[in-house]
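Here the structure is laid out as structure tokens; the discussion comes afterwards.
Order of writing sets the labels: A, B and C. Residues in every chain begin at 1.
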């Protein structure tokens, strides 16, 4: 059951999620059996922006499989790589390595890189767009700690408006039956409308609240995230609201005995250190499950590592309107869109725009013939 | 004979020093026999400040044992790690690795980290406080080059006031019988009073001099260190005194045929390059012995690598007065002190202070309830 | 057929080039057979200036042989190493590693380092001076893609005045019979006079042209390089000339069916992306051959890895006039010159100067007694 690339977790079937999370749990229990699965193989970690935690998790995963590492993590230092196109870097590095994990500040960069890679490519975060191995980590954690992805009441607390991690987890869990969501945030930082529509369309009950203490008693899982100070509507709201979204020993007393508390880390002060000693706090275990999740993923991707280079598709004449889309800096990329009503969705960054409104003016500035 | 953590060399018994230095010498002679002792194991090098030499020595040691490496060495680049508490980083990394070597700019950081690590922790330097593997290196060098730690006349030259390396070596050698010390420096850069008291209490003869040439003929070992220009009392003293503490071919002629010259490296100009060719110059060999010392240490620590996480002790209400103590930035740490007469000694940084004098005023500013 | 150090490709005999390039081609076809040739060995990559591409190629080569890696790549971060002499760093690192690849911004640095290294030293680029593994890569590419180094018509296009890569390739290919060179550049950016003399002396026909399109039909090999904008004589010349030296699909139509297009990478815009799909474009393959070239080189150098430290030769009293020569910053190096008519050639950087003209004045400033 091989995986060619992992750009978006939604590209994989639910059966593959089952397979990979099951494999991850088996790795946890029988680590030594998997030493050797990566023997003689090289993982390249191409980190165009620093993310020590994620990079270390990928690196450890490959080493624990008996594999080896190349890569870079300091874009300022990688002057040669920096000056050249993503395509050229990926073509060269995929001649050196057996699998690539890439992090990049632009949306769609992983999809763009996969088009030119001769080896499997994992998206280790492309701007604010996708970060599928974090969601995979969350699923492995649920499988291990709750034994199921279904029938759970999941509280999500913090900045739910801007949190990529939260959106991905909701979309993933909505694919399993019986899950319900309790969305805990200030009124201004609730989940975007399209996520609400997504939950409703999937038949998942959901409710919003601005009070963590009230919500806790009903939850099977509490997924905490940070609210950055500058996200609050005002300084006064920050001062008034701050403590409401901090998980402390007092609030933990309100939770069930089988509550599971998660956090993608790093935390700042949204969970007090005293909670760390509570056996229901599983966020440190969660990072360890992230290691097993990545080991499982690498195993499945190495199985699928035939030479992958295929002819590039023909591009459109439209230009994506998202200034942080990878197609806006890597001009040779074929521009690919999917229609959605009157609008077009960029296949790289998934931003939608109305070409009649925006594209024409920009086209004059940016137009280049896509490669033949 | 396992070692759980190595924070301070003084925590280990003299028997363990014997064991580790003996093992290091055996590794030197039978390197290949030890390839495999680290197989499947991962060393994490967490360097919160750069120290290329020390990091490379730890890394090489692990690789020569057949092990693998993760870590970081560029705090500016490790933004995620930088923003989070030492506790969280150590909890996460100890889920990825089998042993950790950490360097940190704050005194007591290694002890603090060991409290939360699930794997053995080596102190690779905590600010100006401790650097036990350098002293272990010096002991291995003496064992190899002089065959003994006892009955030696050891000259120490340079800035003896600020040199952590020199203080540690004196304290280590004072535990063996028959050693005497010749302390060679300007009057303003002599060893601190407490080191003199230490030598006297241990029954070691010692003398001070401001002339390297005069001292050399009596020495079995000459341990050179750098005097930074800005440490001299004045520009004029610097100009007058500089050459006095430079070891050159001329001064080497005054030394015995079995003199051993050491230096922790890097040197600047306190030993001229012509001395490098003298067979009594052993400072390059010394760095190689540092490799064997760290290999031996890693072997002993991997033997002791049971899961180490234990409940944290209860902290005091006092606050350490040392602004470079790790407890001053990591506020969740339990504050631990040992009484010493009227004063208290912070167990992290070993700074002493009189709580009556200093702590009360500061407590108002910094007080936080230690974790339960 | 061992190789002690590789400072300059010209130091090796043509037989050794044959041997290494043949071995590289065999590695390409039987990669797995060579896994293990580096087992238990450590490559140190000492990069005093960043070069991600070159470093990654050396690292991958060592990993593919089953070896391990230490090193640094960020001079700003390596404060300890930075402050000390090249000699000391090399002495220490050669106690940790089995082979060293070094890149340095100063000419002659690799030769200087080799004088103090106890293990084989590869020059991975010393300023604008030499970069022998790039030329070795080019030779392996020719062997693989053309089956021969002889009887070829080679076009070289771009900035031929400042291009180290181009000069080295010409000098290498002039040692084989029947090669002819077509030098394609603006009049101001042609090859230096000494390279023309070299080709003539070697009996190689050569011609200059300022038109890439005209030259293409005659070529077996087209070696493209970049012209930096600031190298053009004027902004107007840049605007007029720019397209002339850009290889695009149109110009490719003029080339033979068995043309081979090479480029040392990274490219900027001197080859359009549409050319990438042309089967005659071999520049991505070329970087992969660079991997095999370095694997072959490492194998031969590990075979020759006896302890290499030898007494330093006596130095001259002259001072090299090249301000970017390594002897100008590492003052302990013996100064070595070879006479060439009235002039002297510095053996480190190969800069020539007339000591009567330049050295005397400078000697007053820089003179130091070379080491005994």
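Criterion: a residue touches a chain if its C-beta (ideal position, glycine included) is under 8 Å from a C-beta of that chain, and two chains touch if they have at least 3 such contacts.
This one's a predicted model, so the numbers in the text were calculated from it and none came from an experiment.
Summary of the copy comparison: rotating subunit A onto subunit B for the best CA superposition needs 120 degrees, to the nearest 5. Counting the residue numbers used at the interface between subunit B and subunit C, under half appear in both copies, so the two copies meet with largely different residues. Centre to centre, using the average C-alpha position, subunit B and subunit C are separated by 42 Å.
Looking at subunit C, one finds that residues 74 touch two or more other chains. Listing the residues of subunit C that touch subunit B in their complex gives 40, 42, 68-72, 74, 77-81, 83-85, 87-88, 91-93, 95-97, 311, 332, 371-372. Every residue of subunit C that touches subunit A in the complex is listed here, in rising order: 32, 35, 50-53, 56-57, 59-60, 63-64, 66, 73-74, 249, 265-268, 273-274, 276-277, 284-285, 287-288, 291.
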